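Two complexes come next, and they have one chain in common, chain A, joined by chain B in the first and chain C in the second.
Moving on to the complex of A and B:
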């Protein structure tokens, strides 16, 4: 059965009461917030009271498909999950690919909001219009891949789509993830731990319906045109060839590869962690796409290592090889593949896992973690065996160190004491992505103001490097001059960050992959607005689309303000602000306190937020039509 | 520093046939007024026609001089190279 794209439906699931119900989404809300991440931000603000325990019954999980997810618009198959983060106590949105979003759409829903806490482990089974909570007691404690097999067996259909947590989430590890369609990780901020706290082991879905755009003929023609542009884009070709890990050699040569817990910016033989190496040495055995994407940046690898055992898995992504590899001083790709597989099966974010371990390695080498505290592990940099053991212990909270590191780098540093907080590469409680922000000022600003903590998955300002004409065109459009495509500059960084955060917001509300709109540039605000308009049947200009994205960024900020976050919290990790780049072409560069304050002034001014506190002004909230939504925060005229 | 090879330290990644994932290093003779663009053109001329290097368009190349992307140098591809410079060429890659 075909459903109009404009007629969105929200499925509520109350785990405490075992009840489900459906709510229709008003068209004017869809138009104002674009759907997906945008509407989820508004609902999170309304549903979760200030001070609520992220792992308690008051928190909600909102799985939102993009407004165009399930259509043929290229790369529009992505979804978001929004909640309050147990890692930061602040707003959290994670984006994820795979095919679960499209399945939920075809089952007749656009959003699933999970409330309460189940008395016993359950999984949610959505079979078209039929919704059921099934016992997951027999699945509790099991790894994500085994559970995927078991659920498919149970419902008798290997083609259904799933999202599953592993043992790490059950144990409320603060960086547990949620694995979608078996191989795609919704990874950051401890999203999996929220599922674990609700005793929701999985969401499984079979959807057999379809979607009807308001102006089908024009919509399909435009989608085809954008798909053609995407296929011809250099960024797309590179992502297909080598995946995201193709960027490793360039970063290493430019002195921007985070290594040894960010104490170095290059690593010897770093190219052995690259997508190119995986291809040329025969590890790569296949490629895969998220729903409706022809870029196919996901890959499958196989390794038959005598030392580490066999591996068949997806990825590894750029951030994974940096965090589990270079950050821990490891360039043995077979060991990294093993670590990646373990994290995926146990259900842990590879970025934070790599970082807590690299922090522990530095702390051990500096003598602040004793051999006894390390439970007998030799935690020196480069010891892949110790890393693999520690991954297991963290997921199961085994031993003193495993349990401590499961709380994240900030909590671990507070417990260990001394100066160890200085090399805890975190801010707001989230481990930073493995991008060196000292020599890239838009990245530095974007990471500092990111509502979920310092990472690249809310606003990656790749265009500031100006590597392609398309990237330089974006910079010219946003700043007025191509010359600002230089990451070392501090001028015009707010403009660059604002454009990117809005482009991310719009992409994720509609379901588009940000790789296709901010690394490749074939999907852009203009054609996103046109596709939205043709699909939903309401007018939408590029300016209105970007304004709606600004609206969602502002709600996300207000959520954090209501939790008590202020300007002082928009920070980078201490090492990034106090230790200059140690060597290489960017030697001596830093984004210090004074520079960051200047960047923050630029950014808050551009947003219409109060400079002293960073609180959005009432005049700004009124302009965005949010004064009745973002209530309960200090009023600044 | 007698005994050390002089010239340009050249690092190529993924540009030769069968060396997709490995860095190849060589010393390239330095000549006065040699620019990054000339060096690239010379390399392409000498390349095995089956190697990616031979057919790669220049705008798809990540060219670095001492780790700095060529477009950030004042004269870009026309920047003159000095004795002892390290020049890296590889295919641009995107996304993260």
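Moving on to the complex of A and C:
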């Protein structure tokens, strides 16, 4: 099917009834919310009632392609999956690359909304206009890679695209993920567990259609221009050469490499976890792009470790080597590659898996988890063998500890008791990604207000470091002065966070990787608005684009408000607010409670949200045209 | 035999990241839509081994597609040393698709014609969009000479690094 980009289509799949139907998306909704993550936020608000069980039939999964996914706009192939998180009980959006989004687009759909719970394990097979639910009983219990092979064999086409859950998701591990295109992970917040609860093992798609932009030639020329600028950006170059793990040496030097469950921020031999090391030691065998990407930060690695066995896999990403490596006191890269492969195959988020284990290690060393409770594992920091065993036990909920840790760090700390909650590096129920927020104030604020919990993947304020001229330009544009490109300052942090969360939101709604707009900066609100306008055929200014993104951020906030979240929930993990940076150049730094309260005041004020409760005011909702959408929350004029 | 001077898009599969920018550029330029299924160049992702291989017409000297075409629509004019399809004369029978050993010819089902790379009149848009260096095009030199030069550079680099 060849269709206009402006004519978006939503595929509904009701697993309880075994029914599917297609709904056309009104153009005015696409304009108002930009599509992708934006429209998904609105639909989630409308579809999932307050208090709904994230693992019950009332929850929905919304797979959204970006509005420009499938076009030549550079790095525009990312998709979002939106749902209510089983880890936090709050709003969850997970972004993922790979090629599944583009395939769904070419099959004729922009969104797939999954309702209900299937009585038996199934997978969704979208073959252009033909959509069917197929039995997955023979796939249940199997790892993601084997299932990828089996589905491709079953449909008789190895070139189709898939998204698959592993055994961890079937067992409703609270940090289970969804593996897309075999090697890309939609990771956080237990997104996989929602698939598992619905007994939906996989989505497989073959799309052979195409997309027509409204003003084709102009769009194509602009996209080519931005592609060239992006390829020339210094940020992109580093990501191509060394991948995300290329940041390891810099982080270690700056004293921002979270290690030993955030009790240290430097680690001996940290360079062995780096992308540079993977390259120089011959582990790297190839670089890979997501659809339409001009960066290619993804990679293939091979290891023939005597001790840990052979590994052929993608990655490992920066967060993976920090969480499964440094945080657990492990710098043996071959062990980390093995752990990464296990997580990918069993279907678990490497960030949360690493952090739930690093928490268990610290708790074990402090004597709050006994050797008996550890089911015989010697859980001291640095024991890779114990870590690998524990990964398997968590995924299958084996043993006392495996079953306990599968519930996430917050629940595990509540069960173990004592002071163990103090080193549970989580907020809202989500494990923090391995970014040290004590020495960077915009990061601290962004993590605290992140609607899905403390991580860098709803808003990352990398520009505040001012590493490149492009980054300093962004800070000048946002705050009026380059001097604010200093992560230690507390002034102007709300402006920086707001701009970044809107830039993130717009990027994700359109399908752009946030690396293009907030790590490299060649994709920016101005050219995003132009590309949207040329592709969809309606006017869109930079201001309107950012306003639409603010709209989506506000709906996401309102979802959480309706679930009962308030200002007190916008927190950082205890250790991040109470234990100053222990070592390295930032030693002694902290973002404490008082400082965070100050930052929150700035942020809520800038948003037009009530200072006491953090609830968006009615005047703000009215201004954003959301007063009829965000209903069912306390009304504050 | 028409050609001693065979020109091709040169492919370095080791550099291909499967971004598919080539497919998007090609399908838009040739068909006015973004549709990899209508691209004359296609990237095969070999997921299990982590390799990506672009596949495109290699301008065979003794081209099976020309021989197979019942109407003479697939041909190489004396003036341009490139196999091309005359869409006016193409009847959409698919014989060229079946004859091509590489899968470089395909069908546009909607328009009922066969499609194949024509090197964009000497400025292939796929090469312009490939920022990874997996595709290159040197129209002035025959393919073998391009290969020799590339090989010579590899050898030179090895010597120089000693």
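Following the convention adopted for this analysis, the second predicted complex is superposed on the first by the 636 of 637 C-alpha atoms of A that agree within 3 Å, B and C clash if a C-alpha of one lies under 4 Å from a C-alpha of the other, contacts with A are read in each partner's own complex, and residues count from 1 in each chain.
Convention: a residue touches a chain if its C-beta (ideal position, glycine included) is under 8 Å from a C-beta of that chain, and two chains touch if they have at least 3 such contacts.
Computed from a predicted structure; not experimentally measured.
J.: Sticking to the clash and touch definitions up top, decide whether chain B and chain C on chain A clash or fit.
T.: The answer is fit.
J.: When the shared chain A is used to line up the two structures, what angle, as a multiple of 10 degrees, is there at the CA centre of chain A toward chain B and chain C?
T.: Roughly 80 degrees separate the directions to chain B and chain C.
J.: Between chain B (first) and chain C (second), which, if any, makes contact with A:332: first, second, both or neither?
T.: neither
J.: Looking at A:403 after the superposition, I want to know if it touches chain B, chain C, both of them or none. Which is it: first, second, both, neither?
T.: Touch partners of A:403: none, neither chain B nor chain C.
J.: Who does A:216 touch here: chain B (first), chain C (second), both, or neither?
T.: A:216 contacts chain C only, not chain B.
J.: With the two structures laid over each other on chain A, which partner does A:365 touch: chain B (first), chain C (second), both, or neither?
T.: So A:365 meets neither chain B nor chain C here.
J.: Going by the contact rule set out at the top, does A:296 touch chain B (first), chain C (second), both, or neither?
T.: second
J.: First (chain B), second (chain C), both or neither: which does A:285 touch?
T.: second
J.: In the overlaid three-chain picture, which partner chain does A:183 touch, first (chain B) or second (chain C), both, or neither?
T.: Only chain C is touched by A:183; chain B is not.
J.: When the two structures are overlaid on chain A, which partner does A:274 contact: first (chain B), second (chain C), both, or neither?
T.: The answer is first: A:274 touches chain B but not chain C.
J.: On the overlay, how many Å separate the closest CA atoms of chain B and chain C?
T.: The answer for the closest chain B-chain C C-alpha pair is 8 Å.
J.: List the residues on chain C that touch chain A in their complex, please.
T.: Touching chain A: residues 14, 17-21, 24-25, 27-29, 31-38, 44-45, 47-48, 50-52, 110, 128-129, 131-132 of chain C.
J.: Touching residues of chain A toward chain C in the complex: what are they?
T.: Per the stated touch rule, the residues are 2, 70-72, 74, 99, 102, 106, 148-149, 159, 181-183, 208-213, 216, 220, 224, 227-228, 231, 285-294, 296, 298, 300, 302, 312, 314.
J.: Provide the residue numbers of chain B that touch chain A in the complex, in ascending order.
T.: 11, 13-14, 18-23, 59-60, 62, 64, 66-69, 71-72, 88, 90-96
J.: In their complex, what parts of chain A are in touch with chain B?
T.: 234-235, 238-239, 242-244, 246-247, 249-250, 253-255, 271-272, 274-281, 297, 317-319, 435, 456, 460, 462, 465-469, 486, 488, 515, 519-520, 584-586
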